[in-house]
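Take a look at these structures.
Each of the next two complexes has chain A plus one more chain, namely chain B in the first and chain C in the second.
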Partner chain A sequence: MAVSPLVDGLPNPAARAVSSPLKNAASAQASSNGTPVPAVAPNATAAVQSAALDLSEQMNEDEKRKYIKGKKLGEGTYANVYLGQVRNDPSQLVAIKKIKINKEYTEGMSPDAVREIKHLQELDHPNIIKLHTVFSSKDQNLNLVLEFLPLGDLEILIKDTANVHYGVADTKAWMGMLTRAVWFCHENFVLHRDIKPNNLLIAADGEVKLADFGLARSFSDPYRPMTSNVITRWYRPPELLFGARHYSAAVDVWSVGLVFAELVMRAPYLAGNTELEQIELICKGVGTPTEENWPGVTKLPEYTISNQITPVLGKDHYNALFGTVGNEGVDLLMKTLILDPRKRITARDMLKHPWWHKDPKPTRKKELPRKSGGEGEEKVGADLKCRPGVVDEDRTNKVARKLDFGGPL
Partner chain B sequence: MATEDARYRQSSQYRLWSFTTGHLASLRNECNSLAQKAISARLQSASPNDALPEFLTPAEELSLVTHYTVELLRAAAFIELPTEIRATAAIFLRRFYVTNSIMTYPPTELLKTCLFFGCKAEGHYMRLSKFADKFPNTTGEEVLAAEYVLSQGIRFAFDVRHPFRALEGAIMELRRLGDFENKRIDRAHGKAREILKFSPLVTDAYFHYTPSQIMLAALAMADEGLVDRMLREAFAAQGDTAKEKCWDLIQACRAMLEKEPPRR
Partner chain C sequence: MSRKAVTSTVTQPSNAILPSDICPVCKRVRYLNTDMRFLINPECYHAMCSQCVDNIFKSGPAQCPYVSCSKTLRLRGFREAWFGDLSVEREVDIRKRVAAVFNNTQDDFETLRDYNNYLQDVEDLTFALVSGTDEERRKAEAQLVAYEEKNKADIDRNRKKGREVEAARKKREAEAEAASKARRLEEQREEEEARKEEATLNREVMEALARGEAGTAAQIQERILAHKRQRIAQLNGKHFPLPWTAAHRACSKRTGPTEDEEDRNKPYDPFGATDLDPTRYQVHETYENSWLDPARTRDDHRVPGYSVPEYVTRAMFEAFAGLGVDIDEEKAGAQRAVGTVGAKHAAQANVTTGALRKDDVFG
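Let's turn to the complex of A and B:
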């Protein structure tokens, strides 16, 4: 065997430390995040230990003490969600998401939790769910203190056609908030990779917040491949369906376009039951990707199309389905659904589009339609307790569970 | 909101892991004295009649952390991890030992946990068993045992901002300016990259300076004339005072990096 660089000849003073009867890493308690249970249980000195906290433990306690944990809002396989209050200002509510053991993943902290914490720690924007802090509680549970968003999500509003009525001005307001969130992610070199209506949560004041960063990642370096198995199928762009391993922020923009279409139609525009069917629907509902409209597409690893080639659909097609958002609105939608990701509009250019300035003006957030009754709060639990990146099974297929954690992400 | 500086101030690296030298020293002192207290209490409850050992001083702890950061970088090279992951793991180790004592957590174990968790944080998933197999006498359980303690110790800040991309940007900018021969730029590029892969990671540079400042300090070590040219360009509209201030900062960072030049 090769000699490990860890074996060093240093006659080091740390030998003292290593041989000391101290708590060491291996005596850490069993973790709900998969840390193995130590062979020997922590001994009688535990009492002494708790009296004398390390500096890092003190800091953790300080974070924990800032909040009071209240009633359980939801319980799921991935996490339980509790209502919480800020200790110094009990009028301020938070959602505390306590992540449970992930039985499918035995290699420590699960990748989706790592991704979610990593990116939310860095992103502070009015349209992105705020992560106030993270702390650990007894038995090494991870607790994410998130902004409390009591009014459900956009999916609820879209689906409830009987009780919720909204118009172009409302759609424009929601789309504006979504676009700013996505722009901010991209400006910070983060791909969200799971944009869809039920990841767009609604705050008490009507503000829409992008949530669920369990599939997010930083932009890759050009030579490093990524997985193509991301984004819930109905919102997945053609380059991912064709198995591209190098892709850009344009993947999120496609999803934004389909949320836009869904807000108008009040039903998913391209709801395929399989990946193959999803490609079929894109060919019929947008146009067939070919070398003419997308140079290089035929070289993508899983490029498959049927013999029936539909030319890229023109404005008439979109006007018929989405005409209510006006000429400029249809133009913006079409630009988000450009097949070739290199020609697709960017989030930044979306924000500069003339549609926002045309009548009607976007609705003020306080006046936006909302779901009445207590369903919103239940839904907070329901949305947050899901493993990030996993899609409701009844709605469409799962994404994250199929991720191959051995490969590039 | 959108300026680079404003965005950097939102980062966990700035919010949670940037300190003045005084603040950093006081954290290390406090950490050391808390560890001494805890260890003394434990030892005395176990065998009340024995004399207490001689404890490490904060300065000794720091030089050990530096030694083990170098070990971590050697281990990372040994298992052929990409540059960014090596750097992230090294910073995790140094951050961890700001608020945890090396007398409490053995660094030889922890550095493997840092490497494994560094892979995760950078989205480069490696099977635990495959990872553990790369080291002699190491099991997956041992690697994972400290993962949670590590993630708490680094205050759940998993995103580390490195100066590597900044260097690529500076090199492109220098080429665009067209004042220097490509050969000279290439030489400085290679040299600065070698510095960035070592010196800032085994000193406190990341605690005190931004990625771009660290990059400019490394580039100044490689070829000061190039940095001078870049600053003249950048501060053309702002006058000499602002430029001087920036220059002084870069020199201070450079002095720190020069204490740990890349080893052959």
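Let's turn to the complex of A and C:
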């Protein structure tokens, strides 16, 4: 992915709105990727203060100066989010996510921020939130300059049953954008590991964008364990609930399937309050994982199921609940909710499914339903400041378990 | 059998075509007698003009004036021919007569084979009457008469039944005709109404425009249309598309399809016009590597779905990721780009055409 080692550190901030963020972000790492940074003549304004700064600090300063920080959109324990403007073009809005210094990680940056930057800077797709740049402000605070997505997220639309009405064509359009985003991540060897409706933000033109890469990681090498403690519980696939340490992109597909189900039902399909309850719900709502439908499942470290075994539910069950999306849509949903991850459909095969070409045609993005109120801006803040992998407390009364990042990443 | 039996000795008329201008008997021509009609007698099918018929047969039966014909004809037997070809006229007459006698239907037979045999017999007899030799014709005539005598009651009954069936069919046809006429009228009326609706709609739009309502003309139109559709749906208790919308669109001034419409008509591409297949190398299904074997077989990898192909694809990608990138070229492009946005775009294009994927977000 990072094919080009070119560092475009040219002394003309006016000519370019964005620059390579990571390379300028953390002062010590600026040239650690082996690329010699060309010596640049600092521009006039920066020259005054540049005397005491080294090259990386100088570049960071240039980057910071491109944006004007505006009002605060939201504040959380993990980050604050501000509205920002591009200095040279005030009509361009951005969201600046300022990561707070984390008590747990006084030595360096919090892993969420590292992950987010590491993967977002590599991914450029219409359905993935764009990271414009990164800079550090005083006290080594990390600032992520992200695309400003003012229209809230899919969760708002799903929950607002009174004011927002949508049909199969809209669901298909949203699912198409989500599936493309996930496919693009997987094609670039990135596992998102936190797909859920409130991480699907909506741009001003109606485009859905996958955000919050705080739990993302690239595909693991063989024999290198990953943590199974990822993905918000309601969207977590059975292999993670059973404590698997070596898994594949199929984990994201399960989440996509549950988002699909949620879009149709307008309520989370499997909303467990604890992990055990989540397993229980999967057994009831999809089928009990057994040796027959998933050879070897009993050998997984945390395999625990209740005595009552539900056979894998058939098409009639799904037809009754999700029949509105049509025969093909139900077929696609069932394939994303296959218990055995090896048999589960891949994101690429999802896009090849005949459902996309069946009537009705997906709604065009500018005609998609939008949220009714003006709570979008606050929501951007709320979404971005949130720690990844945690269920929003408004939706359940139970406090979600805090994620443990101490284990292997 | 109202029609008189054709006697067995009828010979084929030598000139079987009905004359049109000259009477073969009196040689009068149509030029002088514009109201000339030609009559025939089913005894011998010899045609002559109505005046000849009057002259010769008014005072009682007489011999056919044709030289070779020895038939005795009566005035009552003369009629106008239906067909120009008199041999056809004769055949039709014979068939009518035979059909009137042999008037059984399929229902009168137990099996289809019986019915078919019967039809075959009837056709044989008819053929003998129409184009058989004198001998055959006489025999068939006798057969016909004998059958008629023997089955008089059946024939009458069948005829009555046939008439009833015929009456029912006529009635049915009349009803269908009436229904289709009513439908046509209804359609006309609907069309008229739709036209009127459209006229009022246009007027409303114009009024709204005159009032200076917010929005463009198209928006106002959309709004009024939506409102109207809703009202109609309420009235009918169901939704139906407005019949005039299509016509209405056609009236609006526009030359080609707009970008919007083109977008609408494009087939949906689930991949969003992005192709991520590698272009510079191929990924094979399997790679033999003993280091990878445990990952394929060990339960802690296999069961939760760890995918060796995913790893292999990534390894391949990383191995070839630098292909097609020329750093010097990129740098040169970047140097040239200083100061002008356009040059920068050009430089970027230069870079990305060589790259494997569109990947470096910040390039």
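Observations on the structure shown:
By definition in this document, the second predicted complex is superposed on the first by the 338 of 409 C-alpha atoms of A that agree within 3 Å, B and C clash if a C-alpha of one lies under 4 Å from a C-alpha of the other, contacts with A are read in each partner's own complex, and residues count from 1 in each chain.
Rule of thumb we're sticking to: contacts are C-beta pairs under 8 Å (C-beta built on N, C-alpha and C of every residue); 3 or more make two chains touch, one makes a residue touch a chain.
For clarity, every value in this text was computed on a predicted model and none was experimentally measured.
By the document's definition of touching, of the two partners only chain B reaches A:217; chain C does not. When the two structures are aligned on the shared chain, A:134 is found in touch with chain B, with no touch to chain C. Touch criterion met: A:111 reaches chain B, while chain C stays clear of it. Judged by the touch definition given at the top, the superposed model places A:315 against neither chain B nor chain C. Once the two complexes are overlaid on the shared chain, A:352 sits against chain C while remaining clear of chain B.
After overlaying the two complexes on the shared chain, residue contacts for A:60 are found with chain B alone; chain C is out of touch. In the overlay built on the shared chain, the residue A:187 is in contact with chain B and with chain C. By the touch criterion defined above, A:266 reaches neither chain B nor chain C. Residues common to the contacts of chain A with chain B and with chain C across the two structures: 1-2, 4-6, 8, 10, 12, 16, 18, 20-21, 121-125, 187-188, 218. Within the complex formed with chain A, the residues of chain B that make contact are 1-2, 7, 10-12, 27, 30-31, 34-35, 37-39, 41-43, 45-46, 53-54, 56, 60, 64, 67, 71, 74-75, 77-78, 82, 96, 98-113, 116-117, 120-121, 123-128, 135-136, 140-142, 144-149, 151-153, 155-159. Residues of chain A that touch chain B in their complex: 1-2, 4-8, 10, 12-14, 16-18, 20-26, 28, 31, 33-36, 38, 45, 48-49, 51-60, 106-109, 111, 114-115, 117-119, 121-125, 134, 136, 140, 187-188, 217-218, 224, 405-409.
Chain contact summary for the complex, chain C toward chain A: residues 263-264, 267-268, 270-272, 274, 276, 291-292, 294-295, 299-308, 310-311, 313-314, 317, 321-322, 325, 327, 330-331, 334, 337-341, 344, 351, 355-363. Chain contact summary for the complex, chain A toward chain C: residues 1-6, 8, 10, 12, 15-16, 18-21, 121-127, 130-131, 133, 176, 179-180, 183-184, 187-189, 218-223, 239, 242, 244-250, 294-297, 299-300, 340-342, 344, 351-353, 356-357, 361-362, 364.
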